[in-house]
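The same subunit A turns up in both complexes below, where it pairs with subunit B and then with subunit C.
Moving on, here comes the complex of A and B:
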């Protein structure tokens, strides 16, 4: 297992370096941070703009290879450069990573778990009412892009708030002003955070749920008719434990591969959710930076996303190895 | 291809998807002829009015007819989705077949390129490239979107080609002196046709969602032109108070994707001999 993981890691490292370099080169050629200075009133003299841009390594008069080498040397030291306003990118990257993580973690866990359970349940009840209902629901959910889902949930939440007369749901930012200074103190602050988390988390969970539900249902259907489940029944296990211990476990193995594939989609969904619900995470930063022409931020977030996608791939490899003994012994198909 | 058409009739889901898609196409392209308002027209007597006999889907803040705007957006989304699906599936077939058939270093380099493109977050790259689309050239958007949708299919095609390559009839064709392009086109491609048909239809839904998502952020189709994504972005923030601004566009977008998904999944079930056993 160790050798297998090491080979994977080496391959991933080369891919990350290439992906990060390509992202930087793309951003540096396509974006124009100079425009930010030229739009100012009064317009600063060209020499001043040039000096400032050169100081930040954003000057488009400097040859691309030279800028790339300066940037690359910085990244190797763990420094992703500065934004066009001169703030260090690395510190902000970490701060925003935690914001995004808070948002994505609960939604992913809830979405994966519920999706797998619903999919497995639908497969066991194939062709009956629960299966048809779950299949229809997952089709509709899969067809709704994240931004449509978010807007729908917001409208529904508005209705609930109006009907109950209480602000049950909040959908702007992470916290409300002054919540932790109320009568309940820190507890009120926590409650306020949770209320802000409900809608964005639900959006992410629903989007994930549909996907996992579809995959899990078809995996489970393949497994349910397999010989080893019949054997488990024949040796005297109840239907329930035969399906859960032998069926579900085997059907989960291919899901680990899908986890790696859908991780990129998850990051992308996070971009929409952050932008719509006003969370100041990585996704929002990326979109704003593209419109501002902030080369270093775009490159840093791209690099981070590449690392994250590959880490997800690694996690899925490890999970695969844990669930499927054949991978460890090298007999994998 | 006749297998695909027969499968269409056999599978209820595929039939429903095809009919729904045809209806949506008819609405998008015949609708503007029936509507009294064009998508560029402004009605200065009706600002942000709810749906009425005059304006079927209501009007926007600036008095534009939401029905006409939505249909115009549908046309864009449908055409871009179809073009992207055809282009990316074609590219996947080409790369996958060459990679699997030729093998060796060609194969290794091509698959490495596939890995690299899979690692690059496509949405981010398209968004970064968006300044190139500033003049509203939808064909550039089509090319960029297609460039990021073909990788997974290419891997599947490659795997299938490798197994087909050793079949007797392919070997026979090669030993009689048929050139590689001829073997690929006449003996390998027909076997992949049904897979590619399914993949193309599923790619339509991915492309439609990708296009509207990019347009939602202002990175795809840009004003003054309109797509479903821009209509939803403009109306989405006021969705609770003025639901008609984005509601119809969102509903139609979901219907388009639903129709294509039903069609693709139904085709896959009908064409895949192993899926019948479990169902």
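Moving on, here comes the complex of A and C:
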């Protein structure tokens, strides 16, 4: 297993370098940080702008290869350069990574788990009311883009807040002002954070859930009629135990591969959710930086996304290896 | 369930004429299984089995035998309904809630399924899967159940059971997996075991091993066994009584000796007559023409009547009731009087007169294979792919096929016989050695010459369901090779008609799609397609392995007749030695990529010189209960070895009974030297790759 993972890691390293370079080259050609200076009133002299841009390695007069090499050398040292305003990108990247992580983690886990369970349940109840209901729900979710979903959830939450007269849901930012200064102190602050997490987490979870649910359902249908589930029943297992211990356990294996595929989609969904719910995470930063023409931020976030997607691939490989003994032994030379 | 709490049905064990034995363990009365409305798989089945008794249930695909088994254990798929009565030790099982049935399943009533590859959960170790069976019923601790699982694995003959219990199903061979299934079935000392085609997908040698394990299981548990099989050979030596099923009903039942010696229902007679045999005189098998009725057919008269050579109008009046025809022997036939004394009721097909052919030495060689090698690399390694080993699929074989003759290639699965056939079919330079087709070395062919040569060399595949394009009509399937070789359109239509006639199909089939044909008809289309370009050599890859026994005979006879009429040469690859014997003039036996014996078929079957050939022949079950019971040759031990790691010296040594019986000095030769095929002293036509040939 270790050898197999090492080999995968080596492959991934190559892919990350490629993805990051392409992202940088695209950002450096498409974005124009010079425009930010030219729009200033009073407009600074060209020499000053050139000097500032050169200092930041953003000068479009300098050949692209040269800028790329400077940037690449920095990245290798762990330095993603500076924003056009001169702030170091790396520190901000880490800070915002944690924000995004707080947002995505709960949503992903809840979406995967619920999706798998609902899908499996729908398969067991195939062609009956629960299956039809789940199928209808997941198709509705699949056809609603994340931003529509988010806005719908927000207006629903507003209704609930109006009806109950209590602020059950909050949906702006990570925390409300002064929450930890209330009667419950730090605990109140935590409660407030959780309250702020509810809606964005639900948005991400629902979008994920629909995908997993459909896929798990079809996987499960294959397994339900499998001979080994019949064998388990012939051993005297009740239907539910046979399906859970033998069926679901086997039907989970292909889901691990699916996890890697949907991770990119998840990141994209995260961008919308951050923007809509006012979270100052990576997604929001990326969008803002593209409008500002901030080459280094765009390259850094893209590089991070590439790493994240490949790490998701690695996680899915590990899960696959853990769940499927046929892969484990197949690796032994 | 339906108020028919009747006494034992007409096919129950205590049939008229036998003394009532101990009370039956498993008793099935008037069982009917319906899948969808109108699809009636089982149409009133009665049988019973006593303690320690083995009932063989024989029937072709679609006869309802598996549906009956699943109904008995209450595991029919959703939507299927079972009616009638299934009693285990007097307690009714049908209609009981699933919770109660679950306490019976796997404990008192166990089941062994057909395909051990898909019947075991891939993600749990076999030890855990057996332990689970024990824990579900006995509530044993995990450790105790595991320890018992190891004991069971040891009992069914899995070497190094403690270690192997921690292995996963994919790490076992087919035979070993079936042993695991049997271990699971006997884990809770059941009173009855239903084994649904437990040996169907296995090689003859492994089949003999598994039947032996089933015997051990029976002796250990004293359980009643229902052994379901599709041919009469398998159950002959193992069952006490046999029941033949056709179209959802039992058509004949009785003690094995009686039924095999004096079958009275024409279908049973047909099954026995159509079965090719490895022993005794070589007789032409008699086919049972036609196909069984679909499961939707109405109950109007005897279901076998359309295929029955002695059917009378009254056969179609009502479903014939079973009548006693001997001691404990029942047959559901209104013409039982006509089958008494076993008249030759099926027309014996008359082979076309054999043309006068010059002796073998003077006939031209159509195919010559010399030192043919096909190795597959295995890759492994952590960082870089590197070659970790070699599967020696075909490892230097030599033979020739002359005009108008059949060479049969036999061996266990994985011995390289199909690989060899595919190498010849490629018509390209082999990795090593040479293939010469009609005098032309395939290594030296130009593309144009190769295409021209393909006309003379055609192939028939194993699975007629997979080898015909489901979206093409029969006429297009047959015309395709003609079009590919530029035959004008007008001539093509004519040729299609000729071809259908040649393989015995009615011209109306030209407009049908493959799914509208039965298995035997499809294989006839497959043969017709191969014959379209008037080839001189046919490569036959297991041409009857996917067909029911009664249909096999028809296809084999067709192949034999075509050979006589068209002067074809055949290279026939098959695992069934009895089938090969029917059509082959010469036989080559392969083991681990090598030819271990080659010779004229009659001489080779009569006196096999290589111990492997002898073991293969001994393992073939014959439909002769007396003979099967008399001979108790221990089956060939072990599995076919890993083709990537052949043992030192002779490759067959680890399983060789002759080697095991040798003394030290003579053993050394086997251990150190890989035997080359040589000509034994008595038989100039034979090649044997053994240091000690011909000894018993």
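Definition applied: the second predicted complex is superposed on the first by the 330 of 333 C-alpha atoms of A that agree within 3 Å, B and C clash if a C-alpha of one lies under 4 Å from a C-alpha of the other, contacts with A are read in each partner's own complex, and residues count from 1 in each chain.
Definition applied: a contact is a pair of C-beta atoms (placed from the backbone, for glycine too) under 8 Å apart; a residue touches a chain by one contact, two chains touch by 3 or more.
These numbers were taken from a predicted model, which means no experiment stands behind them.
By the document's definition of touching, of the two partners only subunit B reaches A:222; subunit C does not. When the two structures are aligned on the shared chain, A:325 is found in touch with subunit C, with no touch to subunit B.
After overlaying the two complexes on the shared chain, residue contacts for A:113 are found with neither subunit B nor subunit C.
Looking at the shared chain after the overlay, A:250 reaches subunit C, while subunit B stays out of its contact range. Of the two partner chains, neither subunit B nor subunit C is touched by A:62.
Of the two partner chains placed by superposition, A:311 touches none, neither subunit B nor subunit C.
Ranking subunit B and subunit C by residues of subunit A touched puts B first.
Once the two complexes are laid over each other on the shared chain, residue contacts for A:7 go to subunit C alone; subunit B is not touched. With both structures placed on the common chain, the touch criterion links A:23 to subunit B but leaves subunit C unconnected. With both structures placed on the common chain, the touch criterion links A:239 to subunit C but leaves subunit B unconnected. Within subunit A, the residues touching subunit B in one complex and subunit C in the other are 225. Within the complex, the subunit A residues that touch subunit C are 3-4, 6-7, 10, 225-228, 230-239, 245-246, 249-250, 253, 323-326, 329, 333.
Across the interface of their complex, subunit A is touched by residues 115-116, 119-125, 127-132, 152, 205, 209, 212-213, 216-219, 232-233, 236, 239-240, 243, 246, 250, 253-255, 257-258, 261-262, 275, 277-279 of subunit B. Considering their complex, residues 15-16, 18-19, 22-23, 26-27, 30-32, 126, 139-140, 142-148, 151-152, 154-155, 158, 218, 221-222, 224-225, 261, 264, 267-268, 271-272, 275-276, 286-287, 290-291, 298, 301-302, 305-306, 309-310 of subunit A touch subunit B.
Interface residues of subunit C facing subunit A in the complex, by the touch rule stated above, are 73, 75, 77, 98-99, 102-107, 110-111, 113, 115, 118-125, 132-133, 136-137, 168, 170-171, 181, 184, 380-383, 388.
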